[in-house]
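Structure record follows, encoded as structure tokens.
So that you can tell them apart, the chains are marked A, B, C and D in the order they are listed, and the count of residues begins at 1 in each.
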Amino acid sequence: MKRILTAAIAAPLMGFALPAAAQVEIGVVNSLSGNFATFGERYLTGMEVALEEVNANGGINGEELELVIQDDRSEAQSALAAVEDLENEGVPLIIGSYASSITGPMAQLMTRQEMPLIVLGSADNSITKPGSDWVFRAKHNSTIVAGTYFDYFDYLREEHGEDDLQTVAMLYGNAAWPVSLAETGKELAEERGYEIVGDEAYDQGTSDFRPILNNFRAEEPDILYVVAYAEDGVAITRQMREVGLDTKVLAIDTAAALPNFVEQVGDSADYVATVVSWSKDVQYPGIEDLTNRLREAAGSEPSFYEAEGYLALMVAADALRRADSLDRDAVRQALDETDLETPVTTVAFDDFDGFKNQNPIRSLMLQIQDGEHVTVFPEDLAAEDPTYPNPSWDDR
Amino acid sequence: MPDALKAEGITVRFGGVVAVDNVSLSLQPKGILGLIGPNGAGKTTLFNAVTGFVPMDSGKVRFFDRDVSSEPPYKRAQAGMGRTFQTERPFEELTVLENVLVSAFLKEPRRKDAEKLAMEMLKRVELDDRYDQPAGDLNLARRRRLELAKALAIQPRVLFLDEVMAGLNPPALREMIGLVRRLSQEGLAILMVEHIMEAIIELSDHVIVLASGQKIAEGTPQEVTSNTQVIEAYLGTE
Amino acid sequence: MIRHLIGLLVLLVAGLVYPWIFPSALTVGVTILLFAGWATAWDILGGWAGQVSLGHASFVGIGAYFVAIGATEYALAPWWSILMAIAVAALLSLAWGRLTFKLHGPYFTLSTIAIAEILRLIAINEDWLTGGATGVFIDWMPTPFGIDLFAREAQYYLALVFAVGVMATIIWISRSRFGYQLRAVREDENSAMAAGIDPTRTKLKAFMLSASLTAVGGGIYGMMLSFLEPHILFYLLLSVQIALTGIIGGRGTIWGPLVGAVLLVSAGEIFRTSFAEANLLIYGILILLVILFLPSGIIGEFNRRLTRRLYARRAQG
Amino acid sequence: MAELVSLLQNLSNGLLIGGVYAMIGVGLTLIFGVMRTINFAHGDFVVMGMYTAFVFNMILGWDPYFSLLVALPAGFLMGVLLERVVLAPIVDKPHETSLLATLGISLIIGNALLLIFGGESKSVHVDYASMALSLGEVKISVILLIAGGVTALVIGGLYLLLHYTEFGRSIRATAENRLGAELVGINTRRIQGAVFGLGMMLAMTAGVALIPLLFATPTATGPILTLKAFVVIVLGGLGRVGAAVAGGLVLGMVEVMGAAYIASAYRDAYGLLFFLIILLFKPEGLFGRSVKRV
């Protein structure tokens, strides 16, 4: 006990004492405890896979890359304390974090301190719009994801006739990401001529969606557009079947992208569509190898979370190599000039549509077919054709 | 000069039970009024109704020239009704002095003055040597005296004593009787509910006897103690 | 009294020296000071008046959101926003207390959770009011005398002023008539009434003061985060942390909440950097140990023994 | 016609969801009735039940309900132990001391589960998870029906225990009047331990029964369920088992109706608002006996 205590007290002070010998350290602020630990674990796995790959390929110009990982306890003020701590240790950049309520304050602080931040998990528009010179995001945001959903709906319209898909009902949790994705979705629906016949938010932690789904049943929407975290998405799918709510397209963001969605929902998962930044069957080189490594490290089927963790660290390593310096401004400059291809996606940081330093990532539409996540859109990256329309629950 | 206290037709019901049934009483500005009766006679309920701690179903309470019938207890205290509680309840976490200070602040908003007043009250009840002891550590007799000091510190015009003698050993009882007499001589009107006949007879100018919520006798201590109804009520045909 | 004023001076000096000793732990410093201030403010109601609230995050949220919306929508300087937040927090707590002060003990506590949760849902769903679930960035702050209010140093000194101010308030209260009224109401409402004290009015005053002070800290917290989401500001767990800090340190004591804040925040920080995934588990064990061995809180237990020892020493000698 | 169907649908759903809530609340009401302690760890006890079912399903492939064999005795023993070690020593302290202690327990359980099982939410998929019986056009969820059945069984059993055994009578006597119970020779300290054990057992039973329906996330699920349980027991009337059932049903109904006909974003607020109104105007609960304090 005494030894642990001594270590505990000494640990924060160690940073002063240890000289960085032939290694490059970068900071990571990640949710390892608290409510977001589920995601934190997966991101960490992805980063570890990337770290191994970087160091196997000569590290950062011959020096070993190391991660200085700090837990943010899933709360903002701890994340800010972590940033301060990491800045003091002299890391040239930080990767972090998952929730926008944590990443937002980090982005503000690091912009002030003029230190590059690579966004790990947060996808809210607000992080890169208006954004800053110091905040970079390789993964998608609400606009890109909502755009992909509606591009997909448009594509189905083209294939099957405009009259076929007319009405949309929306159902989403009241956290930042679901709300922002729903709001962007509503704008797009209006622009592209879809009629919104249902619009319901729910408080997270609710597990009974029957009243909403019953109301929707009366509206007979062609498309149901759901944004929900894991367990809510599972409950919604199960209860749709129970209630008998049939739609031609069922899109469930976030929840349906996880491998265990299929386990938890069973064959009701089929035909569900979901947008991701990465899929194991996407037509990028090196995908199979990466999938295997991620699977091995995770000990289970990998998801886009692991892939995004991997992506964030690969982007950081690439920039550090090109900057060839630990000077923050040089690193920022290098990040700005990123032009990287990875098995997850291609990365370049652009300014567009009011976004700053946002990778205009091509998101993928997956559909669950026979219990497997399959890429069905965009056409050039697709592995299979989408199945359309969804059969009625009674016919399954 | 009006009566210090005049209560008319006080009735209190708990559910279906009539605890106090149409009782009237009055107290002279300098007298000691004793309220006696067997257990469950409604003495304490009447006492609480007069001081405002139990709502009345009907009746009127005048305090000097003010109708306080519908006023909450703290307003009656502000008007000058100082009371003790039957089950003494010192603020256990506070010291003896601080306990009295709470009451002293009513008339003396400044700390220094209030402290002086509180200390005087402690002297009056002979607790001043223990002013910094936690009140929770006091024994029963001292708690009683502390209760008294708290009631005195609001500088009341009438003192309401709820069984301050109960449970005291003979020497402590003698001391308490002396103390009450001294307070009366200093000019305070006192209404006391008491179980201990000895004390009532010695102290009261006037006695009211309650049984089953009703007033069954009234008069000087001698008159009352020779009243057959009273003797019956006490000795019991219950 | 002198003892407490010296204590206040020590706090002020320690607070001024801290940035030199821990220049790279300013966020932790701000957090300690905010929690010290919040817990002390909470304690006016929870400890001194004895009404345990688990809804104080509402007032943190009000303070933070007034600063954020004031700055982004109306280019309002934070001191004006905080003044408005104080007014709103006071009015809200007045209505809140009027409604719930007839409840006692655990029932009152449960009602505070319910009201705070309803306020959280309002903050999340009414986006015309708060910007809704997607949050608000504070993108502008005035620069009085050239001071950058986004700078952690500036926020640190603001938090120091806040904490010292709240401590000074509680020191004043502890000696004042109001402070004794509060304690009387806490210990026994009937006895308090017999001393001419109006319990409801006393509790309302305590709640309003407690809420207003909490909102001030909320404003500073808002500046520190500079990105707000209702989820984290109107969060039940934040209410719980504030109450926990006060109770662990010692309810109804002057220095207890401060000690609680120093202990819990720095322990949290040490555990966070040393134990990774297990840190909250160890934190929970720490809390349980303190409760089991010092049930009146750290300072509470200390004071109880001190009072008795002082009396015993005087009585003997 | 369609509106009538949807009304009937919502009514039946409200009742069934209410059964789930009753299940979560019943253990808490027992604990509160005897100990006057707000048990903040109650939801975490439910979550422990969920994990029990999950583990036995994963390792041994048991049907979730089968793991009650383990959950019942384990819950009782752990409850007794927790009471003995944590709550009994602080029994005469102010109520917020025990409140904090249970809060500490909640933190420890949640984070221990996180360390052991990781943060991902757990559920057991059963084939009947999305089946429904059709009564005309109204659909009745099979899984809610099963949960309702288990609730009825458990609460029926508890009722028998409380009313027809010596042990149960002692519990009721202690809840009613602790001092009186002690005077007639009941060891209220022992009763208190047993009641906490019973409460934890009921919570874990609820967890097992609900795992096909709800999800267990180590730190997040517990507090949500705890809050629901608070609402249930206050609505029904504190400290009485039958009232917890009534409270659960009322809460289910209020939530479902509010979500269906007003706005689902405020679903939890309807229950909480109703909860406040009951607290303020009928503190003995909707179905509690009126107690006049003198």
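The criterion applied here is as follows: a residue touches a chain if its C-beta (ideal position, glycine included) is under 8 Å from a C-beta of that chain, and two chains touch if they have at least 3 such contacts.
Keep in mind that this is a model prediction, so the values were computed, not measured.
Number of steps on the shortest path from chain A to chain B, with steps defined by chain touch: 2.
With steps allowed only between chains in touch, the distance from chain C over to chain D comes to 1.
With A-C and B-C as the two chain pairs, more C-beta contacts join A-C.
Among the other chains, the CA centroid farthest from that of chain A is the one of B.
Inter-chain spacing, taken between the CA centroids of chain A and chain D, is 35 Å. Per-chain Cα centroids separate chain B from chain D by 49 Å. Per-chain Cα centroids separate chain B from chain C by 42 Å. In chain D, the residues touching two or more other chains are 111, 114, 219, 265-266, 268.
Residue positions of chain B with contacts to 2 or more other chains are absent. Shown for chain A are the residues in touch with two or more other chains, namely 33-34, 37, 174, 201, 203. Residues 46, 52, 99-100, 102-103, 105-107, 109-111, 113-115, 117-118, 121-122, 124-125, 236-237, 240, 243-244, 247-248, 251, 277-278, 280-281, 283-285, 287-288, 291-292, 295-296 of chain C touch chain D in their complex. Residues of chain A touching chain C in their complex: 7-9, 11-12, 32-34, 37, 69-71, 73, 75-78, 80-85, 87-88, 100-101, 104-105, 107-109, 112, 124-126, 130, 174-176, 178-180, 183, 201, 203. Chain contact summary for the complex, chain B toward chain C: residues 51-53, 72-75, 77-78, 82-85, 89, 91-95, 98, 101-103, 105-106, 109, 111, 114, 130, 132-134, 137, 150-151, 153-154. Interface of chain A with chain D (complex): residues 33-41, 174, 200-203, 205-208, 210-212, 214-215, 218, 230-231, 234-235, 237-244, 260, 263-266, 268. Every residue of chain D that touches chain C in the complex is listed here, in rising order: 32, 36-38, 86, 89-90, 93, 95-97, 99-101, 103-108, 110-112, 114-115, 219, 223, 227, 230-231, 234, 265-266, 268-269, 272-273, 275-276, 279-280, 283.
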